[in-house]
Structures are given as C-alpha cells and as structure tokens.
Amino acid sequence: MISFESDYNNGCHEAILRRLVETNDDRATGYGLDDYCAAARDKVRQACGKPEADVYFLVGGTQTNATVIDAMLQSYQGVLSVETGHINVHESGAIEFGGHKVLALPSHDGRMDAGELNQWLHDFYADPTFDHMVFPGMVYITFATEMGTIYTRAQLQAISDTCRKYDLPLFIDGARLGYGLMAEGCDITLEQLADMCDVFYLGGTKCGAYCGEAVVFPRNNAPAHFFTIIKQHGALMAKGRLLGIQFDVLMQDDLYFKIARHAVRQAMRLREAFVARGYEMYSDSPTNQQFVLLDQETIKRLAEDFVFEQWFPVGDKMNCRFVTSWATRTEDVDALISAL
Amino acid sequence: MISFESDYNNGCHEAILRRLVETNDDRATGYGLDDYCAAARDKVRQACGKPEADVYFLVGGTQTNATVIDAMLQSYQGVLSVETGHINVHESGAIEFGGHKVLALPSHDGRMDAGELNQWLHDFYADPTFDHMVFPGMVYITFATEMGTIYTRAQLQAISDTCRKYDLPLFIDGARLGYGLMAEGCDITLEQLADMCDVFYLGGTKCGAYCGEAVVFPRNNAPAHFFTIIKQHGALMAKGRLLGIQFDVLMQDDLYFKIARHAVRQAMRLREAFVARGYEMYSDSPTNQQFVLLDQETIKRLAEDFVFEQWFPVGDKMNCRFVTSWATRTEDVDALISAL
Amino acid sequence: MISFESDYNNGCHEAILRRLVETNDDRATGYGLDDYCAAARDKVRQACGKPEADVYFLVGGTQTNATVIDAMLQSYQGVLSVETGHINVHESGAIEFGGHKVLALPSHDGRMDAGELNQWLHDFYADPTFDHMVFPGMVYITFATEMGTIYTRAQLQAISDTCRKYDLPLFIDGARLGYGLMAEGCDITLEQLADMCDVFYLGGTKCGAYCGEAVVFPRNNAPAHFFTIIKQHGALMAKGRLLGIQFDVLMQDDLYFKIARHAVRQAMRLREAFVARGYEMYSDSPTNQQFVLLDQETIKRLAEDFVFEQWFPVGDKMNCRFVTSWATRTEDVDALISAL
Amino acid sequence: MISFESDYNNGCHEAILRRLVETNDDRATGYGLDDYCAAARDKVRQACGKPEADVYFLVGGTQTNATVIDAMLQSYQGVLSVETGHINVHESGAIEFGGHKVLALPSHDGRMDAGELNQWLHDFYADPTFDHMVFPGMVYITFATEMGTIYTRAQLQAISDTCRKYDLPLFIDGARLGYGLMAEGCDITLEQLADMCDVFYLGGTKCGAYCGEAVVFPRNNAPAHFFTIIKQHGALMAKGRLLGIQFDVLMQDDLYFKIARHAVRQAMRLREAFVARGYEMYSDSPTNQQFVLLDQETIKRLAEDFVFEQWFPVGDKMNCRFVTSWATRTEDVDALISAL
C-alpha cells in the first residue's frame, strides 16, 4: 500500500533523525533553555529576516493555536476566523475552553476575504448594542488553508491592512506554512509574511519533523510572560531540546522549504494527471493537498493499492483527499498516476 | 562537567533511539490510532495486570495532570493535593485555568497523610456552609513525591480506603513512577498500585523517553470521550506513533523498571557517600532524587565539575538536589563521591 | 414621551411592590431558603403541573443561561442554538467564558427548524472526524424568540423529539415566556412546554418583576449540586426572598399570564394599526415585540412623542421595534395609533 | 424570635422602599444607563472625594469579586488573599471558575499582614522556578474582615505600600464596608481608603439595600470595556435602576454610614454585655459581627428566643455569631442582654 493519507503519517526527515542520534548523549537544560533551541531560534529569525523576533517552540498545532490566542486576547474578546478554520472545526473547542468565542466569517475555499472582514468590523462597531457582544480581538487565518489554497500577496496585504486599521493582531496558522510558501504561484516570501502579521508559526509536524511548531512574534512583541502561559497550557516540553534539534536541522540550508517544494512538485504532477484523465478537482489547490471528486467504483479500485481519505460527498461523487509530503517518493506518485 | 541537574536533561534511552530509526520509514495513522500505540497499550495493560485498562499516551506531565483532572471533575469540584504537590506549585495554574481549585492539605516530605485527608473530608461535610464551598472531587498524589519520598503500601492503602469511603477517585501522578516503584524499600507492586487508584500514569519523560506519559484507567473507567478531551487540551499528538514506539520499547522486557532500578542504585551510592562524609540530608529519599544541605564553599567547589540545582536555603546552608537517571553512569557517581 | 423602548424599562408590577412593602420588616433566612421562595416554588410547580419539579430563582437572563448551560454540559460539549439566539449574540460570550462553544444553526425569524437540527446531528455523527470536534450537548431555543415569533406545538414537539432521539436535553429560554404562551394563536400550554423540554425558565425581569428568572427542571432532574453551581456563577442572591416574593405574587391567581395577555393584546392593536396604515412589518410577530419598517421621516416624526429602538437598516428603511409590556396603558397605544 | 442571624435577613431600609414606591411608574433605560444610576454614581464619587472615579453597580458580593478579579488579572496571574478570605472559602470556586488561582497567605483574625505579604512577594521573585508558577496579579482584602476585624490606617497603608512596590493592584472587598468604617476605633476615612487601593466596593446587600454593590475605581482606572466584562459574567442587571435607586438613597445625607453606625453601636452594647457576664469572646471585633464562645446549655437556652449561627467548635464550646444590622432595634439587643 502506498499512502497519500496525510502529511503526518511518517516518522521524521532523515537529517533530523541523524541529528537526534548524534546528540542523544549530550546533556542539556530543560524547557527550551538549551543551546539547540537557541541555535534554532537564531536560524528562524534569520529565515524571517527578523533579528529581533521572539521565537518559541511548542509541540502541536491545536496547542499552539490555543496558547497563542489565549495569550493575545483580553477576556471579553473573541477571534475572527473563517467558518472552515481549524480552530472553528477540528480543535474540539480548545479556543472556547480558554474562554473565547470564535467569530466565524464566510470561507472562500478556506480563505478569508479582506472586504468581508472589513465589513464585519464596520458593522460591529456600528451596532448600538456592540458592548453586549463579544469584541473582535484578533484575526486568525491559515496559510496554506485547510482546503489547500493560499493567499496572494495582495490578498494577505489587504487582510493585514484591515487588521491594522482596526488595531487587531493578525495570527497566521502555519501548520503547513512550508507547503504554502512553496506553492505553485505563491508570490509571498517568508519575510513579507512576517511583516504582514503579528504572530505566525512554522509548522514542523506536517513539514518534516516528528513534532513541533515554531511560534514567531516578528517584532519582539511576544505577550508578557509567554513562557508561563505556555506552561499553563501544558505546552512546555521538559526536553525542549527535542524541538530545538528538529528546527535547527529544518532551518539549516533551507531544508524546511526544500522538502516542502518537493512535496508540492509531486502534488502538481498528481493534479495534472487527474485533470488530464478528466477527473473533476474539488478545489484548485496549488499545495500538497489535492482534492478530487471520485465515483465509488474508482475509489474502490484505487483503494486496493493506495491509502487516501474520503472527505464528504459532493453530488453522487466523493471528495477525496490525496496528500503528498517531504516523504512522498516520485515512484509513489508514478504508481498512482498509472493507476488512474 | 558531569550533570546531576535533572532526570530530563538527556536524550532518550538507546533502545528507543534504535527503534525510532528502524521504524522511521513506516507509514502509520495519526492520533494514537497506529499499531505501535496498540502494541504499547497491550504491554502497559500486561505490566499492570489489568487487561481491561484504558491506556492513553500524552506528551508531558503538566498537560497530563490538567487533562485527567479536568476530565474527572465536575465543574463545582476541586482536587485535593498536598501543598507541595506539583499541580499546586509548578504548573503555572494549569488546574485553575481549567476552572478547578486545588484544595491543599499539609505535606509530609511530599506525602499526604490519610488521617488528615479523612479529617478534612469529615470537616467539610460537617460544615453547615459546605454548599457555598468547593466540593472535593478527587485526590491527587505523586509517587515518587517531589521530595523523592514514597508511600508504603499501608500508607497508600489508607489513602485509597479514605477515597473510596468518600467516593472520590484517586489519581496518582507517576511522572517518576519507575523510580518510585524501584525505590529502596518500596513494598508496592505496579499491579497493587493500579488496584488502589482510579487513574495513574507511567511517566516516560523522566524515565527514559524523549517525551510521553502513559495514562492508565485500570478498570475500563476512562471518562466518556476522553480522546476528545485530550484534543481539547491540545494534548493529542498528531504523530502519536512517537509516543507509542517509546512506550512499546520501555514496556518490553521490563526495560522501564530496569533503568529506574539502575538510577536508584546510583542514587543510593550517592546518599551513602554523603552520609558517610557527614553531610546532612534534607530528606530521607529512597529514590533517584537526593537532597543534601551544603555550605557555600562546598557548593562552589563541587560546581566546578558537577551540575546540580540549589533549591532553597535551610539555615545557613543550601538544600541542593542531585538527580540520577537511567543515563547516569557508574563512573559519574564515582567521580562525585571522590570529590565530596 | 411615551415609551415602547423595551419591556424592562419600568419598575415592577404594583402587586409585587405592595407585597415588598408588606413583607419588608420580616426576617428570613438567606440564599433562597426562606418561606417566600418555598411558596413561590410550589406555585411554579402547580402552574406547570409538575409537582416534582426542581425550581431555582436566579437574577437575570444571561446569568441564568450561562449557569444552566454550564451545569448541564460536559466539558467537551457545546450548545446548539440558532445564529440569532441570545446566547450567540448578546451575552458577551458568557457561554464561551464557561468553556463551551455555541454551535450555530440557521435562524428562521428566530426559530430553529427541527429538520435542520436533525440533519446537523446526523451529519455530525456521520463525519469520521467527529471526535476532533465539539460534541453537541444540549439544544437551546427561546420562547418567544428574539424576533417576537413563537413555535407551534407541532414545531416544538418535533424539536423535542429530535433532542430525545439524540439524547440531548432541551433548554427553553423563557425570558419572555409569558408573552410567548399568551401570544395570538399559541397552541401550547405551560404544562405541555414543560413536558417537551428538560429545563426552562419563567422570565420575571421582562414580565412584571424587578428582576428574577424561575428555572424549572420539570422532572426532579436538576444537575447535582445545582445550588453550588449557582453560587459559583455569582448568581446566588443573598436576600433570595426578593426573588421569592416577586414570583410568589406573579404566580398567584395567574397574574403572570394575565399581564402578559394584556401586553400581547396591546401589541396586536398596534400591529393591526401599522398594517391598516400600510406599513410593512419586518416579521409577523404574535407577541409583545413588533418590528416595522419605517422611513426616516416617519421615524423623526414619531420620535417626537414616542421612544422606540431602531434596530438595523433594511433597504432604505429602518427596522424599528415597538415593545409593549404589562405596564403599557391602553391610552399609550391609542396615542401611538393616532400618530401613525 | 429575635434574629441576630445575619445582616441580610431583612428587606431594605425604609427610605429605599419609599423611593422604590415613588419611582415605580417612571420609565428608564436599562443596564445602568438611567438617571438614577447617574445620580448615585455622582454621590458615590463625592462620598469618596474622587470626582474622576469610575463607578459600577453589581448585584452581589461573590459576583462582584469574580468580575473585578477576572477583569484585572492577566491569564497567568492569581490573586493574593488570606486563607479565610471570602474568595478562598465561601464562593464555591468562583475565582477558579474564571481561571485564576487564589494564592493564600496566613490570616490574622481575618487580616493580612503587610510584612508577610512583602516576604511572600520577595520569596516568589527570588525563586529560580517562579516562571513555572502562578504570578501574583493583585491583592484582595476584606474590610471589615469575615472575622469582624478591621485594619488600622497604618496597617492598610503598609499593605498599600507593598502593593505599589510590587506594582500590584489592591482590591478591597467592602461587602461590610459601612460597618468597617464606622467600627469602634476605626481611624480610616472612606477617602483615605480610596486613596490606598485601586478598586473597592461599597456593599449594599449587607448595609441596608435589598441587593447591590457599588464598585469604585477611584482614579478613572476601570479596566477597558468593564461594562462588557460585567455582562459576560452575567452581572449586568437589565433594570439597573433597581441598583441606582438604592444607592442614590443610601448615599443621600450619609444614610449608608448612619445606619452602619447604629448597627455597630448595638453590637458594642452586646459585646460589653457578653464580657460583663464573663463570656469569652472568640475575636475582638469592633464591628457588627460578634463572635462569642458559648456552652451547649447556654446555646439551648438562648436559642429559644433568639436566632444566631453556630460557626464551629472551639474546645468544648461553640463559636457563635451574633450579627446586628441597620435593622436591629435597641429593644432586640436589650432583650438579648437580659437573657444572657
């Protein structure tokens, strides 16, 4: 069986594994205060072009979202997200557990529309009863989105401008940031993205690491005592070196983006083959997640040799997801293409 | 420098590392639904003699405490712990973040006293205003305690009996369970411990793993939808295999306890040397953490070659902590003993 | 100025005031344990035809919603409500403050549709990722709704049936229950309503009292230690007699419903006049809140003598709300009708 | 039966009742935006000598404590209180429900000691692990305390100075502020108290009102959007006029303090009589709560004609509480004195 099930069903990149083996006998202080983390932080800062950035390493995505959002919101504020945003659907209410409402906007293939955001904010403050409501406290978007789509630079800039107009921090969930920035046609650099937002993370779990998300506050703007807030959320790893080592390797020689580029390239090959064979794509994704409508017969046939997820029915077909990753081999994609 | 700083300043046990390397290219479903986790769960059940136990793998201790406690308490209940309990001191308020009060009892070198617990519960229900107060909802103890001490079987049984008398679940934080059960003079087996409580965990982070705590509900008594509660707490690892693989190795051929026994043996050598040299021990710990009162001159001298923590002043001396682990080598202890 | 601004801009019904004066010098135990509360509870039970009902008096609506919902949900559950539901819009996130998500369904003039509820629940459990999501834990509806509409008996029964099919408690926010049950064309009795739900409240604040909401668990089904949960939410009135006395009066000789009937009658007169004069109604409300579209000129003219709220623009007109209450005099409505 | 059970077992002061009757037919905007509240706010400001103070009216004490504390703490902070503080004992965990730990200091007859507070804060920041702990975020004291005691001006100033040294807001729970400031020997004025703290409240429920607590931020220092935070806590009264009217009356012509002075005077008569008869007082309270040790025979005898609370056993006696209030009549005290 060849798996296109997800981008987190393998171990870790071999360079990381090698480094884990090499460093295993070293002794290091806990809680992210070790030299590996320090080195990784520097490399993250350099990759973003933000020498003054605050960088923290957390373990997983939901945890990171909840911790960052709780840390940046006041108690009477909620977070704006599109309806399909991960925090609004697939985090078991972790944001509400922390006391905050997710204020949902329409999703456009996973993207937020700056115009709609602006209108929502205008309407909120125009409503005479607004102080009986949940205040908007920050804006959350994903890059790449849950639907595999990305924002153009102009779209992201428009969201960023709207946020600044209303003095709202912009938080970019980068669980798949590598695949997003390396997407076909992406016109945004990491540095530009860091300029446009107030906090984001470089996702490790789905981009080559065993676990780990690198949270970046680009302008030395981490909330006060963010370390303690991480601890309070159960998100402080005792052996923080595990995260530091992984990001130190990923940030070395552009590895993080190289492996993302590889995954995207394989996804594009797959998409071209689907389209060439006449399959209908559910969305036009330029990233490592491809969504295609398949009939039951095709699903059955492909499922004999390949693993993939069936998301939800669309008409009489099923929207199926095929995911590539840094670990997807060219021959895996060849095999799937042959089987179409 | 030779480090006695903590039991989580190394990588992981070499057997785990080997297995991580061997399995790295396998594909596995996420979120703990993989075969490694299944195998590890079986081994945990077997080690506890509880074939029907529910077993979950979480990442770290604070996270595990908060998740288990939130899952088992009703909203109007708090958790009873000794004042020095980890949840009451060193978790940045993670329990309160979840909405629950820590109801503090006196600490006896880190231990709760069953008689005092019984009295507290009696007094609570005798107080005519008790329904204006926080109800006791569960009892939390650590084994080994933060002070390195353990409970005798009789002491633990008495606490267990009191809990059952008042229909309170008993939760044993086993972040250092290996060192506790392998302590000098410990008369409790893992199976007996599982019998006496309602939930406990086998700590991995401090006992050989890179990360991971194995939560055990011994009698198929996990709270409903505990999986979702884990997710809500940001404690669900996407690549759950990382936890499964580690515990699969640790639970193989009694490795978990073998390495704990080694650490305790080294700690006992250290304690004997301290005592023989006339140093005053702060507590009489039979586990891998040794607390000794040192004067500034001795501290200065030892600190040239050894790493250890200074906890707090006691009179004109300092209470210093020396910790051994599975990774402590005999020659490390030899060197320290020579330097005393 | 004659006010149609709201149904909570007056003092209290004169019969209540009289009773407050008569009882002022009596001494009574606090916290709702007094004889006035006991008598009021009995009358509520009798009015509902539920001799075994648990009855609690809280102070206000948002407080009651938050307390009841928190008490009945497990930590991993959310509450289903229509988008326009009070808890989803105008309670400043009180439900999320308690850790729970409001799961929003479409609003049909303020009403939930049983078919859509059923479909939502079906889809939830059909989604293979449902245990990464917030579980539905109860259903919340308002009667009358925020739009002034009510449910027919058949509609409410269908919602009730769906809740029971999925084992979900049904909670009816009755902040305006009097006006709802006395609405033109309402075919539901209080007893039937109590049969169909698991908890509801008789709103006092908007129906004749100075403050107070009577929460009813019809079948002796209050959550364990609900008294303590009320206290924890800051919702336990020290001088609970203030609530008991008010409900004792309101429940005497059907006063609660008599005054609601009066308010509805006045509202119907108003609606007829609006329609007769050719004004377009925003919704077809059979209760004490009337929504009508007015142009700026008319608003300006009426605002010289009458107080009313401008809700939001609809096309080039404004949706305006006129509210009657037990305190609205026939001559007030006469005056407004003449001015139309 | 003559009751000394509590200071909240009567109705309200007759002047309030009269005003409620007079104003009952007026129409007023909701949520505290009415003219009665505005007038009451002005009078509170004047009484405190703080023309720029922010004043809010809430319903009850626990609610007020939870709302103020949540509003002023960051998520990683807790509140310092003595062990016997109301928030630590008798609020069913309302503070923890909001996510915050109560950090308990020793109680000295209900009072906090400035020296111990200072030491605690010094030790906290001296502890190398402090960022794994709950940060102190504010100091909470009661005036008068739960034991009936008060602070001298020097004691309160010392606490205030310590708070400012550590940049911690000081919150004074004034549920019984009237009785405290009018206590025998009290050397603090309301204006001085307002100078020394950052927020306090004038308790109405126990000092003549049916309900209501007037929260004062003396230097225009209310947290941003405190109105919305009140709403989120379910603490915003729809008919806010009920609170405004009551405080408008209480603050008129010094009524609030006059009635407190009366209650204290009666309590002093009672205390003198107890002492003269040779009874042992549990504490030396100069306020309206008197604690005296009685044997079972005396309790039995007095309980035939008088209502009072038995708090807890002290040796073979019972600590009994006798409370006076504005409603206590001279002849009630005469009768009790005769019966001693």
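For the reader, a short list of remarks on this structure follows.
Order of writing sets the chain letters: A, B, C and D. Residues in each chain are counted from 1.
Criterion: contacts are C-beta pairs under 8 Å (C-beta built on N, C-alpha and C of every residue); 3 or more make two chains touch, one makes a residue touch a chain.
Small disclaimer: the values here were computed from a predicted structure and weren't measured.
Common neighbours of chain A and chain B, listed by label, are C, D.
Path length between chain B and chain D in the chain contact graph, taken as the least number of steps between touching chains: 1.
Of all chains, the one whose mean C-alpha position sits at the greatest distance from that of chain A is D. Chain pairs A-C and C-D differ in how many C-beta pairs are in contact, and the one with more is C-D. Separating the CA-averaged centres of chain A and chain D is a span of 50 Å.
The distance from the centre of chain A to the centre of chain C, with each centre set as the mean of the Cα atoms, comes to 42 Å. Spacing of chain C relative to chain D, judged by their CA centroids, is 33 angstrom. Along chain D, residues 75-76, 91-93, 97, 99, 131-133, 228-229, 231-232 each make contact with two or more other chains.
Shown here, the protein chains touch in all possible pairs.
Partner chain D is touched in their complex by these residues of chain B: 75-76, 78, 89-93, 96-97, 99-102, 104, 127-129, 131-134, 310, 312. Chain B meets chain C in the complex at residues 70-71, 74-76, 99, 131-133, 135, 224-225, 227-229, 231-232. Within the complex, the chain D residues that touch chain C are 1, 3, 5-6, 8-12, 14, 17, 20-21, 23-30, 59-67, 91-94, 97-98, 205-206, 210-211, 228-229, 231-239, 241-242, 307, 327.
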